[in-house]
Amino acid sequence: MSETLLELRHVTRVFDLSQGVFRRVARLTAVADVSLTVKRGEVFALVGESGSGKTTLAKMLLGLLPPSSGEILVDGAPVTAKDRVAISRRVQPIFQDPYSSLNPRKSVAQLIALPLIVHGVGNRASRRAKVMEMLDLVGLSRRHYDAYPGQLSGGQRQRVAIARALILRPEVVICDEPTSALDVSVQAQILNLLLELKRELGLTYFFISHNLAVVEHLADRVAVMYLGRFVEERSRAGLFASPRHPYTRALLESVLTPDPDLGVPDTRIGNTTAGGESGCPFNPRCPDAIDICHTTPPAVRTLPDGWATCHLIAEEAVSAS
Amino acid sequence: MTVAAPVDIGTGLEAPAAPQRRRAGLLRRSFGHSGLVLGGTMLVAIIAIALAAPLLAPHDPYNQDLAHRLIPPVWQAKGGWDHALGTDKLGRDYLSRLIFGARISLLIGTLTVLISGTIGTVIGVCAGYFGGRVDAVLSYIVTTRLALPVVLVALASAALVGSSLQGVIVVLGLLLWDRFAVVTRSATQQIARTDYVAAARAIGCSTLRILISEILPNILNALIVVATLEMAHAILLEAALSFLGLGVQPPLPSWGLMISEGKQYMFFSPWVIGIPAAALVALVLAINLVGDGLRDVTAPENRG
Amino acid sequence: MLSFTSQRLAVALSVALTVSIVAFLLLHLSGDLATAIAGPEATAAQIAEIRHQFGLDRPMTLQYLDWLWRALHFDFGNSFYYRDTVTSLVASRMPVTMTLGAISLMLALVIAIPLGVLAAVYSGTIVDRLALGFCVLGQAVPAFCLGLGLIIVFAVHLHWLPVSGTASWKNYIMPSVALGWYAVPAVMRLSRNGMLEVLSSDYIRTARAKGLRPTVVILKHALRNAIIPVVALAAVQFGFMLGGSIVIEAVFNMQGLGYLAWEAIARNDFPVVQAVVLILAVIYVALTFLADVANAFLDPRIRLA
Amino acid sequence: SKSNDTLVYASDSEPENVSPYHNNLREGVIIARNVFDNLIYRDPATGKYMPQLATHWTWVDPTTLDLTIRQGVTFHNGDPLTADDVVFTLNYVVSPDAKVVTKQNVDWIKSAEKIGNDKVRIHLVGPFPAAIEYLAGPIPIYPANYFKKVGLDGFSKAPIGSGPYKITAVIPGKGVKMEKNTHYWKGSPLGQPSIGKLDFRVIPDAETRLAELMTGGVDWIWRVPKDQATQLKSAPNITVLSAETMRVGFLQFDALGRTPGAVPFKDPRVRQAVSYAIDRKAMIDNLVGGGARIMHSACFIDQFGCTDEGVPRYDYNPAKAKELLKEAGYPNGFKTEIYAYREREYAEAVIGYLRAVGIDAHLNYLKYAAMRDAHRAGKTPITFQTWGSFSVADASAFTGVWFKGDADDSSHDTEIQTLLKEADTSVDTDKRLKTYQKALKLIAEKAYLFPLFSYPANYAFTSDLVFTAQPDELPRFYAAHWK
Amino acid sequence: MALLEVDNLAVDIPLSDGVLHAVSGVSFSLERGETLAIVGESGSGKSMTSLALMNLLPKRAVRRADRLLFDGIDLVTAPEARMRALRGNRMAMIFQEPMTSLNPSYTIGNQLGEALRCHRPVAPAAARDRAVQLLEKVGIPAAARRLNQYPHQLSGGLRQRVMIAMALMCGPDLIIADEPTTALDVTIQAQILHLLADLKKEFGMAMILISHDLGVVARVADKVAVMYAGRVVESAGAQSLFRSPRHPYTRGLLNCIPVPGRTAPGSPLGAIPGQLPNLIGPQHGCAFRERCAFAAPECAGDIPLVVTEPGHLARCVRIDALEAAA
């Protein structure tokens, strides 16, 4: 169970922020030079602040956005945006907001059966059987077969979305913040379901979240993203035990466990991203920034269970841990 | 503990009763909306009259009788029941002309909206969905269209192609698509950003399929509202063109034409212009009420 | 702001250019120009002579460029009907239409904006319903019916106002009402909806939570934001009014642009039609451009973007 | 109004150019008669020709006319009117540069020359007995020096004549203002003007005109539709006058069959059928109103040379019409188009009658210029025309336009053309009358043109005004006065 | 005397299908300097409660209360003018949406100054000084320059700080913060909460903090009220509540969230099946009984508030059964 299923090689995505035909084009690098590998059967989690490029990355994995440069490989074979149909059989998404990810004009049955119809799988009867099977699998009652999304609660909707994502039996499911729009009680149901399905169907998850507690609960490997770059990529245990990048540390400190004895932590990081044009992108907020951080981008420091990019990680420390 | 037990999910009080409740809600809201009820009733009545015109009209609307011209309507001293609304300047039965006129006016409204709706929706949906350059080009076409003064261009085109019922419909159809385009564009933009469109793409749906089965159904409400309002607009424009002498040609009894012909008598026999004007106002009012009502009833803030 | 302005300007210019092509084609679709210019009794030789003299035997694009060049210098050629230049005809008719449009717009705004604001502030009440009812009725009554009705009541029966012409300011009252009437529903609805939207926005809740007086909340915080789309609409409406004043000018016998165009159409005097179409379109384009810039000025999100 | 001694009169159209030779509108003719003098005057009451600017005229031979020009007449700017002005005017209008709008009015003139201090000789292109009538009509005299100085453009903005009224302002799109010429020459057959100012206003919309009259905004309107005229009679302070005019309404068929809709009209039986299908009497009684007469010939009955004796008549007979259609091979009728430019209800009534015999005619209602263009291009199967003969009381002013092979002739019958040419140019009065009759008979037999009726004119004006109407459709404001 | 006393507060919203009981029978009191946190899932009536205190409820909502005393002032009967004088002055509010809660058309300075000047007769310059001082206090560097900026030129975190500064302009006695950090990133959230805690201490204000995040609540609150379906189902000191939750709903909630160190990675989380009941129409008995594993027939009857230990109240008739099972 360690073969590579998904691989990204130096993927960059740049957006042209033009607001009209004649306006000078501004550019925004949403994802910068990201490389990663996801192994079959693992849960690869991606955390990072809002706007750091997580969704953009997910869209590229889904073939919805072509990368500006770099390569995406599924099962070792490079894919392009033209292979959207082919990718869609192997990679499927679950989105953050179950309220906007289901077409309100379609019944549950139509929604779940759509991938079968699009790919021409089965006939009417077999599709119906398959939809029923999926309903059972995600824990929806067969009563909901003809219901419309408007009649379902958030948790039920997210189940429909999961059923739709799984009906073609994909290998990878890209979960883009699948529970952050939901109440904690519903979140628990969905997380349990995802874990259960992974076990039963042998799925691989690419799991995006900014909730570190959830990530710690779910993930095998974790990557931390900041302003379009990966700053640290580690095994779960390693990352949570000894975060190496200052941003990762701040993130971990910001996790608020329901513990009334502890106060509110002071993460000591700044709140502005301005001024980080040169050197390490995190330097404007970094509490520990030293001179070199303002001039030179940090190189990748390899760690036993992954890597991080920070000038402050001394080589000795690497070897020590 | 395992995955949450299926039976527990959806034991919420709401789910089972929901489908009927929701639909009933829309109907109830519709019937509770006085404007919609009033407009709808008027509109249905006018449509029924138009459809059943040959059955309802007491006389042939084209039959002239110069000896009995300008008979006043029944409520005036010299009126009589044979011509309940009197006769026009050529002695044609006014009621019959009014009834047949409903057909022409509705026909103009409907066909114009069909043409302009198709053009506008295609442009708007494409601009909204594809965005970027496509949007820039299409928006620019829309702006160009908006820059051309409708009445003037309609008049000029009518003068070029000759004024006739078909001509008026085609000219108006080719001119009135702007609102469709603007509305569908912004609606499509909103929908194109939703996750369900992204999901459909991730599933592997073709662009055409997404446009037709994901986007179109969701902008239908907006389209219907625009269509009703645009229909009223078209009917009024036809009346204005007729008034300016380049609309439907006689002896076809369009209401706009009847008004413009009745203008001659406005000082001494105001009923000649008053009757078709009242009919036109009623029709346009009905359509507007229905359009407004639909907008209110389907507006998201009013949904259950 | 500067790039915003120049971008809008570029769009405006290209739209104006397209419209000029449409206007040019309008003239050339109306039949053989040489025959039209030569008049009905001309011989084939005379027509050919005129065709050459006016350069009508040159390629279309060349003719277009030439026409455009002259149009840029306000030279639209001669009217087929009047022995006069189109430019002087148009110039003499323009003030009437502009005055009419401006007064109508003022009237419409003065009525519609307060009405819209009231309807929004008292939304769901009888005030709101009356305002909306008024609106729907406004949309249903054709402008010419209203115009004729006004004439019958105020001129013929009451003798308060003159029937037609442009002799004094009194002549503008009824036409302005009839023309402005058309814009009231749109402006009112927009200010009502804008106001409703703004009133339910988070920053209005913030303003109220500060303890501000309702009048301050409405007039300072709400109106300014609600009015932004109205500014754009007002410009657009002004353009529409100029284009739509044909009917009103015809009813009230006002010698304006629309009237000129109408008569020109009836007489196949297409150089005039062409010029009026182009001028109205350019005015519209210019207005929307100004509205965009004004909007950007009102809305710091655009101004400082 | 009387109070400010200004007669405001309104009409629907404005002449594209006030220079009388450069428009063919009735409004232009009215202005011309008030502002310019002609060489000869025709008394509308008696039809007699009287001296005006020419004190005397003699035919030297059928193509040469000598005139003596009156001394002591001045133009509005004070210049004396001399034989030079007459010679200049006549030579100018026949020159191609002048681009005179209605060519028939002048194209009989070859040239003019001064043969003495006050003597002018006109050379004709050919014999043209109606010359005197034309000189008494559409040929006003221009001031040579002034015209040469300002050119046509200047002249059309500030025209100068010698007539009872002088123009003070020409406002395109609005109208023309005139003032009494206080130095108008004594002894003019027109008499001296009485009303101080004339204000011609263009008000295209009939109802607006009516409303203006009712509110006192204007003092005089015409072309009031019959129904309104009848009802206006009951209005206080307004006088309504109805009078017959020389204008004749008629249907013209495209006997050449140049468009698909016109093909049936190649068959004379179809044209006759149409003629039988229309009840002119009912139209006159109900639609057209007092003063109108049914016409049977292709001219106005009181014109010289016009007669309906021996001319076949088509009295209302729908059965006969159907029969003829059947004979012609159209038992179920056919579809066609009818073009019209005024009195839409007359055209509609015609359509109604055609419908009754199975002919489905679609109406195209256009402005005159547009309709004329379509007609001349051969696109009009049936044209509902009217013709006022420029108030020229000679049949040639009618038939010449419609049957002599010119642009408006849609039959191109050479036999008729020959007859008319003969009639127009013959100096023998009797022969003229006979030949016209022959031609008119032929026209009616072949039903190229179906005359409907003469038009009445309905004038409505403030009761303060004393105004008499004449059949030539030329309101003479110089002869009007306040009560 | 407590700064704020709320007794039996109810908010009803008449809808076309019936009356929606958004809040019913909510009671609590708050001392100066104290922080009360209100938790509960979406739609449980948290915002309605806070808006009811400020009298900023939506137009059609109806507020009822046995007692609503703020510093001795009866808010139920206070006329609108009186309420206006309190709002923003002695009781201020911070809203959830920092992106949309500032008027886009006016500068920060204008909006901050206005908050002060509508309650105090101060010169514009003085208001400006106060604004600068507070902006610096909430951690905005180069505050003077910021005053001339428009909201859209600030990031979400900065805007939320501006909102906090605005609430502080008049030095209120009570601050109501309705989900002040929900829209923000976790690192920013930590900063803002830290700031609020510091400021509260410094100015001696009382605070009502509304959140659905148990982590946030646990870290900030002195007292906690757990709301479910418009009612307070449990209220206690923070320590007591998180140590020994009494109500089955509170327990369920605490079990739902993965807590590092306490829940094993990959293990199933506790879940509360079902969903929030419909709040429209008459409400009887315990609203949670449909989802409660311990539900018994008596849960359909009236549920009294039970004092389980001093200061710890729970609205449940099955506490004993619950304790027994644990």
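In order of appearance the chains are A, B, C, D and E, and numbering begins at 1 in each one.
Note that in this section a contact is a pair of C-beta atoms (placed from the backbone, for glycine too) under 8 Å apart; a residue touches a chain by one contact, two chains touch by 3 or more.
As the structure is a prediction and not an experimental result, all values here were calculated from the model.
Enquirer: List every chain that touches both chain B and chain E.
Expert: Touching chain B as well as chain E, we find A, C.
Enquirer: Moving step by step between touching chains, how few steps can get you from chain D to chain E?
Expert: Shortest path length, in steps: 2.
Enquirer: Please compute the C-alpha centroid of chain A, do the same for chain B, then give the distance between them in whole Å.
Expert: That gives a centre separation of 48 Å.
Enquirer: Averaging over Cα atoms per chain, report the distance between chain B and chain C in Å.
Expert: Inter-chain centre distance comes to 24 Å.
Enquirer: I'd like to verify one number: the distance from the centre of chain A to the centre of chain E, where each centre is the average of its C-alpha atoms, in whole angstrom.
Expert: The computed centroid separation for chain A versus chain E comes out at 31 Å.
Enquirer: For chain E, give me the residues that contact two or more of the other chains.
Expert: Residues 268, 270-271, 273, 275.
Enquirer: Which chain C residues sit where two or more other chains touch them?
Expert: Where chain C meets two or more other chains at a single residue, that happens at 11, 148, 152, 156, 250, 266, 268.
Enquirer: For chain D, jot down the residues that touch at least 2 other chains.
Expert: Within chain D, residues 207, 211, 214, 370 contact more than one other chain.
Enquirer: In the complex, go through chain C and note every residue touching chain E.
Expert: Counting only chain C, the residues touching chain E are 124, 201-203, 205-213, 216, 221, 224-225, 298-301, 304-305.
Enquirer: Okay, in this complex, where on chain A does chain E touch?
Expert: Where chain A meets chain E, its residues are 49-50, 153, 155, 183-189, 191-192, 195-196, 210-214, 216-219, 236, 240, 250-251, 253-267, 269, 271-273.
Enquirer: Given the complex with chain A, which residues does chain E contribute to the contact?
Expert: 41-42, 139, 155, 157-158, 185-191, 193-194, 197, 212-221, 238-239, 241-243, 252-260, 263, 265-266, 268-273, 275
Enquirer: Could you list, by residue number, the parts of chain D that touch chain C in their complex?
Expert: Residue list for chain D touching chain C: 16-17, 22, 99, 103, 152-153, 156, 172-174, 201, 203-205, 207-208, 211-212, 214-215, 217, 366-367, 369-370, 372-373, 376, 407.
Enquirer: Would you pull the chain E residues touching chain C in the complex into a rising list?
Expert: Within the complex, chain E contacts chain C at residues 54, 56, 59, 84-89, 92-93, 95, 97, 100-106, 114-115, 118-119, 150, 152-153, 163, 166.
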